[in-house]
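Order of writing sets the labels: A, B, C and D. Residues in every chain begin at 1.
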Amino acid sequence: MEILKLVNLKKYFGGVRALDGISTTLHEGEVVTIIGPNGAGKTTLINTISGYVFPDSGRIIYMNEDITKSTPIERVNKGIVRSFQLVNTFDKLTVYENILVSLISSRKYQNKMTKTLDSYTDILEEAESILKLFELGDKADNLITSISYGDRKLVDVAISFALNPKLIMLDEPTSGVATKDKDDIMKKILEAIMKTGVTAMIIEHDMDIVFRYGKRVMVMHQGKIIADGGVEEIRKDEEIKKILLGGVYA
Amino acid sequence: MIELGEVVVRIYNIFFGTSVLFLIAVGLNLIYGVMRIVNLTHPAFFTLGCYTVAGLGVGIVISLLGTSLTPLLIIPPLIAALIVVIASLIVFPLFIYMSGKGDEVQLLVTYGLLLIFEDVFRLIWGVEPLRASQAYEMAGSLIVGEYLIPVYNIYVILSALILVLLLWLLLFKTKIGILIRASSMDIEMTAALGADVKKVLLVTVLLAGFLAGLGGGLYLPSASVMLGMSVELLVLAFVVVVIGGLGSFLGSFVGSFIVSVLRTITLMLFPELELALIYIVAILILTFKPEGLGGGRKW
Amino acid sequence: MSGKTGRRDFLKGLVGGLVAGAVVGVAGTELYRGIAAPPPPAVKEPVPTTPIKAGIQAYLTGGGAIWGKPMMQGAVLAIEEINERGGILGRKIEYVVKPETSPEETVREYRTLVLDEKIDFYVGLISSSNTPAVGPVAEELQKLSFFVDGCTDFLFESVVPDPRFCFRITNIQSADGISAALGAIKLLNLMEKDKVRIAHIHPDYAYGRNAHAHMQITFEKVLGKDRVEVVYEAFPGLFKVTDFTPYITEIIASKPDILASSLWGADVVNFYKQALGYGLFDKMKFVSCIAHAASPAEAVKDFPDGHIAGVHANYFFLYPEWDKYPINKAFVENYYKRWGTYPDSPAEGAYVAVYMYKTAVEKAYEVLGKWPEVDDIIKMLEGMTIYGPAGPIHIRARKPNKHQCYKDGIVGLSKYDPRYGFSVLTNPVVIPISRITVPEGWEGTPDPKAGTLAYSWIRETWKEGVLPV
Amino acid sequence: MVERLKKAFGDDLRSNFILLAIIAVIYPAIYAISPGWGIVLGHGITWIIALLGFNLLFGYTGLLSFGHALFLGIGAYTAGFMYKYLGINSIELHILGSILSSAVVALAIGLVVVRYTRIFFAIFMLAIAQVFWSLYYKFYWITGGTDGIKMARFSILGISLEHLDFTTYHHIYFYFTTFLTTILIYLMWRIVNSPFGLTLKAIRDNEVRAKFIGIDIYKMRLYAFIISAIYAGITGALVANHHRLVTPDIAYWTTSGKVVFATLLGGTRIFIGPLIGSFIFHVIESFAMRFIYWQLIMGAFIIAIVILMPGGIAQILRTFVESIRHSGRIGG
């Protein structure tokens, strides 16, 4: 079943064409990795789908509904969730509380102010299972600022998962993480995606990671999708390699 | 029917009011602009300038040079500026401590300093209002139609204009000025580029102190200074910077001008509303144009 | 002027035994009222030797300090004088000073004075906001309290209509505005004018509003409503404004004959200084009810000559004339010797308050033969008349304004005096207080807008076009 | 899993109630030795409520209000008007009235101001509070201007206290307020530990992320603003009854300053902070006022505390208590 359809999305910042006519379709349960050099428009694409910026033209169809003009909150309520490139957590709260906040929001409990949290066993249980999903259980009571960067990235993703998303968009979940930990994090994230069966869109820079874990890969360059296909297909394309090398490694 | 003389006097009052408010607001904005510190102590520096002239400066000048106008116009405000610069130097370590700390730390520390200053004034100068209006009286008055206007106020207006010019030259044409402006945009970047940020901050604090001291020194002969003045000036100064735009050099001027115009108009038409109207305008501006009427420009 | 005659009668009767500097309590006919007049006991019980403790509360910071400091000095001077002469019946007086600030904090400090410091009596307060706050607390804690100022009519008309423990020394607030207006009418010959254009500038708080209302109704009644025209009114916040130039311009532009004002402290300094530069004083007469009242050496140093100088209807140190009234001379000299400055209205008020206590205790001791309880002291105070530096001062025993002190008001013309180096009050007009205040037993209701009985009383009982003094 | 919600010292109810109980027990002794200090404790207990409200907004939501005097003023004038114009002197009704009036005013103002944060919010609140303050001045024929509104002693449960001596009267006031404060502390504790409370903290820490997990920041802030205002309004009504006088001073910006400083003194990141702050602030203030140069002492205290104990006094207490517990555990 089609979950997301982008129709000719355009977004210009001054003279820069961040999105220059993006059209594509995502199906339920699909995991898409987006790659491309810096400034290709990857983050702008996620920003546009999540409602952080509005496109200059084009349409966003989500589950057969036009959400081009919906607010970020409306989209979250419909199940479109994202994480950010830099760690974006609630810094004075514990790991556990970070996840709870997210659960409160997804259950629409944020207006409940007469009873303390311990009476909401449903979200407490769910928080435990999310902690388990990301293997964060032993760090649950630590302040988010006191755990390793890699773990914070995981919490960041876990916050998104707690919103019970249908479509999750992760903006470079391993960026800034020490190389040796990247595998571990990516593995945990993908496992979570598999277990929950959520549709996912992941921006990733590290080619090794992409080629090891990716299935469908989408290549962006100068605001356009220049290739879209299986990992092997993309890996073999010399043209793409040149662009990626020019953009990332040069 | 409004006579021409009346109009002239009112415009003249507006210029005078603008000059005085500008001299208070510009330092407040300078420190906020560069250090992001809301300096509640600033009005105390202005008041210290006033006290210095009344309690020290004029006495020194008269005992050394006798009662003659020109030295009385020029020297006491400079003494005031010097004293306030010294006071700024003394409290400077606190400003270094505060920069980068939360709003609440800044509010607490600068308010604590304000309280301390008020008592220091009392300790040194006592409880009676002080004044030193020799220069104001000797400068005499000009006749405008049926009205008289004090010449001294013209001197204050001109001095403020000259200060604006000098300040502009300093900020836009000198190296330290460029560094100050750069720091106000992005202090980390400025530091990364190899500038001695601590020196820039020191210059900023001293410059703000200098302006406040000079402002107080220029203002005093036309008024008096008393305990509690800094606390009263504080809220007014805030309104000025809110109307003009927080941290904006141009905004200091715009805010001062608008508050002066508002005062003159309300006092002419409905004097009961003076204070309330100024606050209400500040609220309206915060509601509809939170960057202030200075156009949101930093400089 | 009956006020002066009364004073001369007294002076004639003043015996030579009067010690210069001592304030002598004169037992009026009412003094023994309330005590079943027993013959003075033959044997007097010994007086405790422990010191008496006085609590003083005065503005020590902010714009009010210009009143608070002399008030404290007046009280301290009286205490020191008394101690020098052996105290009250041999008991020395100790004192504790606390700051007067906002009503909330003032009440708190008052309570500390009474409950912790265990003072025997209290002298203090300048602000009209603080007496209504402290008054009920004084009644509640049953502590004999002399309020020096804070003269709002509101205190004894509605807040504490039936006081036992609190007394107030300076004249009631309404008397202030009324006497200034009457003084202006007399000294400026306003009765002869066809039309009087009036501008007003008062501080925006209870005192300024009160002065405005009472000056205005006095002008309207005495001159006739048709002959008075208000051309401008402004109420700058108390000590909130330092640049008065826009006000000055508007006042000049409205072309008044007189400018009625109750600005005081730094406000009056700023105002007249700036007004001089704009030539305001050449174009109109300034009628102030208070400018010369506190710290005149600071407040009105080079005030222009020939304008109405008000002293809050209380006291100016040159009057009563020193040669005719040695109590004042001695007070001024002692005060100057002790503090290096001339006394003013708050200093005199606090000074008198301490002596009132002394006099009442001594009189009660004479009658009872033992150190009196507070109730006995109060009985002595009610209806008492004593002679202070400003002349005779009478404490009311009956409503309205029971426990309010009354003395003749004084208004004059300003004149710079090189002997003192500041502007003084000359050509004094003494306003007999009985002519301008609600008589004892008068039953009316306070005017709803002006809020005072005095206002209703003038509106209802004064004849239009007649000068009552 | 509920264990994870267990609170450290200061964020638990128990330490709050123990502290309150200690004060309630020692209060009569202190009053007997020095009634002045007993009354200072009375001030302390009264202001806790407003400080709790302020801290919900600042410590938990991240909005620094420099105009909380606005709501203290609303509460106090509501009580004053109820007495002056309706002859009501029941303290329960005064409190109910001020809850209603401060909620209504907070709703009207909150709709605009909670759009702003940081210094803009602070100054905005300051300006609005100053407008209200100048209105209390200007409409003197309604508000009594600076003379204020004088109130009689309050009645409680319909029983008049008019004929009691002051000491008994003050004891009744003290214990009534302690009772009320206990309830309000309990309610506030539930609020900050509820899903709503955690949501507020999330907004404080990261507004953008909060928005992207679907939280309506504007609405949450508005709710917090209104609750905060109600708490301040209750203190206003109590202060009016404690002093039995309402003057514009309570709405002046220096009162706002007092709320901010007392809370910060106690500590804003710990639930018990306002409780500690209120007592310590009043003790310091009363102590400083025993000297002529009290502003200097007060100012020096403020600066010293900010620099030496940036987390407030509660933070130091917590470190102390936790270290004792910790060493106890090791020792045992």
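Following the convention adopted for this analysis, contacts are C-beta pairs under 8 Å (C-beta built on N, C-alpha and C of every residue); 3 or more make two chains touch, one makes a residue touch a chain.
Everything quoted here is computed from the prediction, not taken from an experiment.
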Most distant chain from chain B by Cα centroid: A
Geometric centre: closest chain by C-alpha means: D
Length of the line joining the C-alpha centres of chain B and chain D, rounded to whole Å: 34
Rounded Å distance, chain C centre to chain D centre (Cα mean): 39
Cα-centroid distance, chain A relative to chain D, in whole angstrom: 43
Averaged-CA centre spacing for the pair chain B and chain A, given as whole angstrom: 51
Shared-contact residues (touching 2 or more other chains) in chain B: 118-119, 122, 231, 272, 275
Residue numbers of chain D (touch at least two other chains): 134, 138, 254, 294-295
Contacts with 2+ other chains: residues of chain A: none
Touching pairs - complete list by chain label: A-D, B-C, B-D, C-D
Residue numbers on chain C that touch chain D, as the complex places them: 60-61, 97-99, 101-105, 107-109, 111-112, 115-117, 127-129, 132-133, 136, 140-141, 152, 154, 158-159, 204-207, 209, 237, 448-449, 451
Residues on chain C engaged by chain B in the complex (per definition of touch): 60-63, 65-66, 68-69, 232-237, 239-240, 242-243, 245-247, 249-250, 252-253, 265-266, 269-270, 273-274, 276-279, 295, 298-299
In the complex, chain B residues that touch chain C: 2, 6, 9-10, 13, 16-17, 20, 118-119, 122, 126-131, 133, 136-137, 141, 147-150, 152-153, 219, 222-229, 231-233, 263-264, 267-268, 271-272, 274-275
Contact set on chain A toward chain D in their complex: 50, 52, 72-73, 76-77, 81-82, 84, 88-94, 96-98, 100-102, 104-106, 109-118, 120-121, 123-125, 127-128, 140-141, 159-160, 163
Residue ranges of chain D touching chain C (in the complex, touch as defined): 34-40, 43, 134, 137-138, 140-141, 144-148, 150, 166, 169, 239, 243-245, 247, 249-250, 252, 254, 285-286, 289-290, 292, 294-295
